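Pasting a structure here, questions to come.
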Amino acid sequence: MAYSGEPILAEDLLFRPAHSLIDQSMHSRLGATTTNGDGFGIGWYGEGAQPAVFKNIEPAWNDRNLREIAGQIRTPHFFAHVRASTGTAVQRSNCHPFRHGRWLWMHNGALHGFHEIKRDLMTAVDPALFADIEGSTDSELLFFLALTFGLVDDPFDAVARAVGLVENVGHAHGVDAPVQMTVATTDGRSMWFFRYSSERQTRSLFFSTEIEKLRALHPEVEVLRHLGGETRFVVSEPLRDLAGAWNEVPESSAGVVRPGRDEIRPFQPISPG
Amino acid sequence: MAYSGEPILAEDLLFRPAHSLIDQSMHSRLGATTTNGDGFGIGWYGEGAQPAVFKNIEPAWNDRNLREIAGQIRTPHFFAHVRASTGTAVQRSNCHPFRHGRWLWMHNGALHGFHEIKRDLMTAVDPALFADIEGSTDSELLFFLALTFGLVDDPFDAVARAVGLVENVGHAHGVDAPVQMTVATTDGRSMWFFRYSSERQTRSLFFSTEIEKLRALHPEVEVLRHLGGETRFVVSEPLRDLAGAWNEVPESSAGVVRPGRDEIRPFQPISPG
Amino acid sequence: MAYSGEPILAEDLLFRPAHSLIDQSMHSRLGATTTNGDGFGIGWYGEGAQPAVFKNIEPAWNDRNLREIAGQIRTPHFFAHVRASTGTAVQRSNCHPFRHGRWLWMHNGALHGFHEIKRDLMTAVDPALFADIEGSTDSELLFFLALTFGLVDDPFDAVARAVGLVENVGHAHGVDAPVQMTVATTDGRSMWFFRYSSERQTRSLFFSTEIEKLRALHPEVEVLRHLGGETRFVVSEPLRDLAGAWNEVPESSAGVVRPGRDEIRPFQPISPG
Amino acid sequence: MAYSGEPILAEDLLFRPAHSLIDQSMHSRLGATTTNGDGFGIGWYGEGAQPAVFKNIEPAWNDRNLREIAGQIRTPHFFAHVRASTGTAVQRSNCHPFRHGRWLWMHNGALHGFHEIKRDLMTAVDPALFADIEGSTDSELLFFLALTFGLVDDPFDAVARAVGLVENVGHAHGVDAPVQMTVATTDGRSMWFFRYSSERQTRSLFFSTEIEKLRALHPEVEVLRHLGGETRFVVSEPLRDLAGAWNEVPESSAGVVRPGRDEIRPFQPISPG
């Protein structure tokens, strides 16, 4: 779940909605797995230029510290993630969101055949970044490939190149459909999101309708009155049932939420060489 | 899940069945909650007179240490429990099975109105045992009440008196149906089990058919050939679908599994005074 | 460690001083134990009326989440504690500071003979508060006794009565010197501290000199320029060596730090009945 | 701490000696750090061909599960390790001993300049082994380099080649003294140990005197009567003070403990190419 807008209390994002992320962690309705109990993480921008992250290997629904600090964090950019491991260890360094400098990154999905292709992908990471990889997941490695290909300068291009590389390496190792991903990433000003899979059957991703339009549609819904005009959510599953509130990100698309005009465009991997 | 029989590898009990306890912890089919991710515990008899316990607050499905030691434990009496907290803290001292001397105890269910009745129940615990209570759950307190009422000498009577006390105290505080419980307890020789609730609508409990009968019914099922003649399971949910293998413990009943003849009898609380 | 003064970043309190609390947790110079690795906790006042707490059972020096959130917390009232267990379980509910309503409480020391006197002390707790006790420590129980005796209205009197009760109960059980304590407690406006032990040999406690006086003494020390005029620390061990900065709280004394004039006075237990 | 000999209860190794490993974890006398509270691990051979490992990120002295299972493990080959992190994350996958197939490996010390040389070392690992690296430490990577160079066939040669490579790569990156290590490794039959550092100032390592000789020296020491004739310890610090019991492994040496005659020989890195 990614939020961008007026500074808001993390507690209101995590625990208030009818089908909140915490609730989803126990009973996902749309996810590939119904239980997301293999760690969680949140990231936000507050004091200092770097975002802060709080991550833990307990299920999110059990973490009393999460409830405590969620009641104290007020932020304009908030990322939250619940993990269902696809095999790699349940440890803090494998929890999303991942951070590098001013950037946060989270990923749902998998790089298929990861055990076979991991070495080739790691050797493709910029040597100057290599030793900053802290965990053992496909998701963090995809982040470092995107950083290697220029995420800081042009996220659309960098992710397209990273995905292109993974598909190339995967195909070379006999993996038919190497990439399954929804990704959200932010530098604390803009937020980019991606929905793509090699077989063009990507898990769900939604973005929220502009608040002004929603208010006009649902003048009786009180929570909408408290949300700022720039509010935008990007989520794997709708946070509550509200007609007109959630728009599916089209298959093989990418987008950006930013001050001013948001944008969605087709996404296509860029093959190396 | 409780096992009594020939020494068996814990791994074969925890991870092998089609619908194993580990699987149940993620997707319970019969339980009041579908996810049991609030800690787990195992207890067994090996070296020394006292049983050993291994408990943790992580979900059982994530605990790599559990897999390691389950492959090393060979025991004739094995208890395993996955917890879905009814509100008390997720901490090791609240995980089942509880141990006192040679005894193990585990409980599914709840003492309703526990916040209101806790003080009266605690003051009813034998002062010599009081300070040995380590956690904050209703389940452990019920164990200590049973110990207070003579669990070591006559489990059927002691649990009946403990339940009678809880109902009395509950009613005095305006709680209609104070007790909801399935319980298993053992001293490493015999194993007792209880199914009872104040409203006579107790969650499920099953015991397994004698292995010899099962072998006759299912000569083709290989796993039955490896189980000893004295094998008996007591479980909240059947471990695998096998016609004739699982018998529901009747509502308001208690039983004992022991060397020689097992027994089931009606269970009725004994009111104090 | 307790801080009261201008809003300050927790990171500057926890990680910056030469002999910071984190450093003390690995190598205490004055404490009864040299390693305080049995959990830690922080408490602070921010959003909302209630203080927030963040506690964990890992050693403080290892907790990456602590570093993250310490960099985000700006607060005028900050409590931090590293624990060396005297026997009770290492679990979150046993970590300091303890919270009740607007109050925080932390304790160094022990109630001696706790296993023997626990039951009598627990039955002395206000029945309306009884079930809110979450852990199993002497420290939390002392807090609840103080609450029972009116902490919210008159902290000096309430703690004196709580200590008097513990000494009475202890003596009745043949414990010579039942109480060893330094305590700090706050409601988010004022902060009270206590140094007392039954044998009048209490572990160390210090309060910091007024910042204005310190600035006059050490015009060259830069950190003093950044601390507000109302700054006051109460600590078990001096945070850095600075002549004139630290004043020992006298044996058998109590004090209060508040807007306006602070105060120290003799402390004497009040025996019940 | 490494033990080889008659099957023995892990509890007697971990908790009984006057200066046991658990005690050392809180107050090391000889180590580079006085507190080893950054996780621990044990490995042993029991059921099945592969050794089992139990590792955790809590300090060893706090882990109640460790006490429980140590009382249940009876094994002829036992490894135990307490960790003081040199910077890499405190997570289970970074705890020693590391396992691969039938092999266990543990390391005290550091590869200096690890952040700079990590990528070159990782690319030197056998591609077939690469994806089995689970953690992020220098110690595990050294293990995988030794495996790459034939640990299974000739441990002395393989470790010499691994160390030679690390020194080469280190020097190429301007690191003066890349290797500081004491290592113990076993396949469950023999146990090899190594003491070496690039600057020839290696941290301490001791092996125990043959039990028969010790019994003759100290006929009054009861514990010696219970230890089998093949007993051999390899430890970083003597487990108890007993004249003639502990022999320092000489600087730049390696040795093997095995059925039949043990051996110590000089150790010299083998530079690649």
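All chains are identified by letter, namely A, B, C and D, in their written order; residue positions are counted from 1 within each chain.
To be clear about the criterion, contacts are C-beta pairs under 8 Å (C-beta built on N, C-alpha and C of every residue); 3 or more make two chains touch, one makes a residue touch a chain.
Source: prediction; values computed, not measured.
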Chain labels contacting chain B and also chain C | A, D
Superposing the C-alpha atoms of chain C on chain D takes a rotation of how many degrees, nearest 5?
-> 180
Would you mind working out whether chain A and chain C touch using mostly the same residue numbers, over half shared, or mostly different ones?
-> same
Chain B and chain D have mean C-alpha positions lying a whole-number Å distance apart equal to 40
Residues of chain D that touch two or more other chains sit at 64, 89, 92
Quick one: label the inter-chain contact graph as line, ring, star, complete or other.
-> complete
Per the touch rule, the chain A residues reaching chain D in their complex are 89, 91-93, 114-116, 118-119, 122-123, 127, 130-131, 133-136
So in the complex, which bits of chain A are touching chain C?
-> 9, 44, 46-48, 52-56, 64-65, 68-69, 71-74, 92
For chain D, which residues count as touching chain C in their complex?
-> 26-27, 34-35, 37-38, 57-59, 61-62, 64, 85, 89-90
